[in-house]
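After the structure tokens below, expect a handful of questions from me.
Labels for the chains are A, B, C and D, by order of writing; each one numbers its residues from 1.
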Amino acid sequence: MNIQMPRINRVPFFFKNQNLLIQCGIIFFIIITLTTLIGPFIVPNDPLTANMSERLAPPSSAYPLGTDHMGRCIFSRLIVGAQSTLGITALVVATVALIGIPIGLVIGYIGGRLDTVFMRVADGILALPEFILAIAIAGFLGPSLTNLMISIVFVKWIAYTRVVRSIVITERNKDYVQAAKVGGSSNWKIIRRHMFPQIVSPVLVLATLDIGKVILTISSLSYLGLGAQPPAPEWGAMLNDGRPYFQSAPELMIYPGLAIFFVVLAFNLMGEGLRDKWDVKSR
Amino acid sequence: MLTIIKNRVTQLVVVLFILSLFTFTLMKMAPGDPVLTILNADEMVVTEEDQAELRNKLGFDQPLYVQYGKWMFNLMQLDLGKSYMSGKPVIEELLTRIPITAELTFFAMTIMLCITVPLGVWSAKYVNKWPDQFSRFLALIGASIPNFWLGLILIYLFAFKLGVLPSSGIGSYSQIILPAFTLGFTFAVVYARLLRAGLLQSLSEDYIYAARARGVKEWRILWLHAFRTAVLPVLTIFGLSLGSFLGGAVVVEILFSWPGLGSLAVDAIFNRDYPVIQGYVLLTGVFVVLTNLLVDLSYYVIDPRMKRKEEAL
Amino acid sequence: MLHVNSISKTYHSKPALNDISLTVQHGESIGIIGESGSGKSTLGKIILGLDKPDQGEVHFRGNNLHTLNGKALKKLRRQLQIVFQDSAGSLNPKLPVWKSVVEPLENYPDVIPSFLKEVRHNRKKMAEVLFQKVGLSPELLERYPHQLSGGQKQRIAVARGITLEPDLLVCDEPTSSLDVSVQAQVLNLLKKLQKDLNLSFLFISHDIAAVQFMCERIVVLKEGLAVDSFLTEDLFSQSRHPYTKLLVEMSMEQENKIEENQHFYT
Amino acid sequence: MIENKTTATSENNLLVVENLSVTVRNSREKLIRNLHFSIPQGEIFGLVGESGSGKSLTATVILGMLSKSLEVTSGSVKLGQSEITSLSERELRNIRGKEIAYLSQNYQSFFTPFIKVGKQFIEIIRCHTDMSRKEARKVAIHWLNKVHLPAERVFNSFSDELSGGQLQRAAIASAIMFRPKLIIADEPTTALDVLTGERILDLLSELKEELNCSILLISHDLKHIINRTRTVGVMYGGRIVEIGKTSAVLANPIHPYTDLLLQSRLRLNKHIQHELPTMLGEPGLIAEEGCPFSKRCPSVRESCSNKVPMSSLGTHHSAACHLVKAEREERYVTR
């Protein structure tokens, strides 16, 4: 039935206002960014200095969250760790989007054989999920953050190309694109003016949600010891460090885990909020 | 249908070829000399002659394409070489681990289904009411929580604090609950949202309205008319996120000391046991491709329209 | 001006058009009638150069439309514009409508349509003039398509169609997605513009009454074949093709019923 | 004279809609206002209106399938003795498909696309009776033959393997299996070609005679239904602005909306017109107070923003317009 139903807002508790999701997310995001940028200058202790006499110390004024198994300040390590985790993630997502979007635009718009070839290649690459690829690369080339980033980028750009491509393919057959062609607009102009605006919001949503996913992937692999190498204060690696002690000192794993959880949650909240606001369908 | 399968299988062969080329290249790019690793050069004195002899035996002195050809030939016969560590054939190592991982995956997926379907249907039925909000809340948590951390928390709670479930090991059903739940939960709640969206979409179709107007019972409408197409987006995403699922399985295996394929692979990485890593990568690659093939084919079973459309072209 | 020379087109091994020929003179309007699946929209697309025929050719002002490339094609395209059926789909949802209207003028900086002489330097002003020409208030300039009604959107599509003062305007079912009370408005507008700008029309429709109102000559398409072609005043002639007669009869039956009633009472 | 209730509830009326109003839940937005009409046994009643007039929503209310975001705020819908608006979901389901049948414009999505048509026939039959699959199949084949379809083939087809005309016929077959009292046909021919559409309407009227049921024929275009209906209601902005014997309405369109709708319709003419008569504005323009058409009406006056009651003219014709009394009455032609 084509009866237009007015949207009714009668949603319980904190989802009442859809924008609230974004607002929560944005507040989190600002806190996180600030922490990342100025954090390293204000941390109470050097995150790398071990002090074996202060091992597994409880929270105190000197060590706000206590110390780890090597007597390093957990709080300082968390703050500094934010920088490496988030910095890497931002870099990865930006690279991926910069590679994926133009390819998707061109392939989707031109279509035909080029598109078929691309889809084959994409299928081939997707047979190697980023996690497995990361394992492969870490396995053959040795575990390191750089290798980890390469493997994520290598697989992830396809997701962006796919999203962009599928939008472009639906849009390019619509009458308004035909009308623009009839009106003498060049292909470049059609891509720039008519296609690009269509992909902005879906790609932003995708990227926001991907930041969370990439953080999770990086920290999982670091947890396995395939990403950041000790003694770097990376959250996943910190969790791995704390593992032998977590029966006696669970806070070693609780704090970094919480940090990861909240940061990812922030980006997910923002992504969900933006998706609702722009009414982006997941493809 | 046959032509479709034929097309897909051709695709599959191409994909597998790329995959094999890729792993072979990576293996050749790997730093360190496998010959020295095998001869355990760190601890023993190895002569040039010994090295040359082994190199010749392994065929490493031949041109790359010959090596690849031989390697491919062996691969066809499921011969992936021998593990540097245990000296056993890689295929044997893999085969002993597959059932262990399969068990974990099977239980995780069962738990996943048991959460996804009811939660998805429930929240679609009460859109924007509290069940829907609850499932949204769960999905946000599920998408934000690192699954190894969830596992750690679960171990801490159930094994250490409550002492009701074992923290690791394999063999009994009580031991499988925590790892399977850890693996299944994060995916289940996210898929539940997808299922909900799919259901809302298909419930708003004109043919659902028409079926209601014909007096068809509500449960038939939900399960026979609406559910089918609602599953499609979930299946698509499942196919695409299968990699993360397998990745999650690796993490969970390590976390719960589950001696499956993941543990094997991680051990192999730290021991630079290249044939095993290669075997693992190839195996998962084949698995992912085959599963996606199944997902693709299931579309045609679920919605016969697609089949006819494709055949008409 | 436009010569369509026995074109054929096949889609998925089904013939969509079979050996169609027609000519359009300057200032003339030709109607194409056909039911769904008759190939009438395909014909429109081929004439615009948006699609290629399998056989035959389209000559516009002496040039073969489907062998031209680049600049020459662009130059020729200026004279060939279109109004689509679905007014909602023919405007970019992310652009304010006035930008859609003046887009063709950006692409042809040298073209100065007679009615835009004074304002050619100013995009917004041009849009205003064009809006006026199709009977829309300038308040609507900044709106997005979803903020407008079906009739308003179709007027905007018409405005875009005439922006370049083309020789030939292809109208592909311009009224069939509109409400009944709006159809007549849009048809009147199109007819008025045709007179004012001396346009040629290729008017594609399934509605025989609309075609009769708009066109001087009519071609009847059935399953990709041109079964009948005649001057509009001969529509009721006995020598029409049986299919045309059937269409006319259907339409007249309803009419007669109304008139019968009106006579009955008066 | 205000139309009184005695005429509306007279014995032979199958469907009686009285004073029906539908609003968006928790808001004041009225989608249907004080709707009032009845359909006698064995007759075809036409409901005409453009987009936003509420004609399809009316069908939804009669089927008892109103979305949860909407609510009936007043009035009643009576089918025979049962009051639709107060039936339980279960009772409604028993009526739907059995006593009230539905046909839609969108023939392509009438049957669920991935289930064979025949299976869906069996489903309907078994939802309403205890027939075995075998018996149900026989019944389905019988009715498919009845609408002049190649029954076996259609029975074993998916809906996208059939043509528009075939699908609409199959839809009709599925609708009449239980000899319903009322068939709601919501734009059954709009999406079809003219010729196919006419044949579908022929079939419907033929079946109506045979089954002695009533039909509610909904359309956006007067010309689609004037040939077929005995009575017709014209809707605008959620209200019926004019209702009466089709012939009387055609001869004396009282409400300016009906009048203009008739005048501005596209028609074949012996002499070609130079300009079509038009009506101002678009169907989205609906006045909140008084006559909903007043924003587009050429003869609008101040009193139009007050409540406009239905006034009767002749025995079978009434309209909600102040002009009725003032001007039109003297011009009204009676037999």
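In the analysis below, contacts are C-beta pairs under 8 Å (C-beta built on N, C-alpha and C of every residue); 3 or more make two chains touch, one makes a residue touch a chain.
Note that the structure is predicted; figures quoted are calculated from it, not measured.
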- Stepping chain to touching chain, what's the minimum from subunit C to subunit D? 1
- Chain pair bearing the highest count of C-beta contacts: A-B
- Item | Separation of mean Cα positions, subunit C and subunit B [Å, integer] | 54
- Separation of subunit A from subunit D, taking each centre as the mean of its C-alpha atoms, in whole Å: 53
- Query: With chain centres defined as C-alpha means, what is the inter-centre distance between subunit A and subunit B in Å?
  - Reply: 21
- Return the residues of subunit B touching two or more other chains; collapse runs of consecutive numbers into ranges. 206, 209
- Mind pulling up the subunit C residues that touch subunit A in the complex? 45, 48, 50, 74, 77-78, 80-82, 84-86, 89-92, 94-95, 100, 103-104, 107-108, 157, 160, 163-164
- Item | Residues on subunit A engaged by subunit C in the complex (per definition of touch) | 174-176, 178-186, 189, 193-194, 197-198
- Message: Per the contact definition, I'd like the list of subunit A residues that touch subunit B in the complex.
- Response: 1, 8, 10-13, 15, 120-121, 123-132, 134-143, 155, 209, 212-213, 216-217, 219-220, 223-226, 236, 239, 243, 246-247, 250, 253-254, 257, 260-262, 264-265, 268-269, 272, 282
- Message: So in the complex, the part of subunit D that touches subunit C is made up of which residues?
- Response: 50-51, 193-195, 198, 220-223, 226-227, 246-248, 250-252, 260-262, 264-270, 272-279, 282-284, 333, 335
- Note on the structure: Listed in rising order, the residues of subunit D that touch subunit B in the complex are 63, 65, 89, 93-98, 101-102, 104, 106, 109-115, 120, 123-124, 127-128, 158, 160-161, 171, 174-175, 184
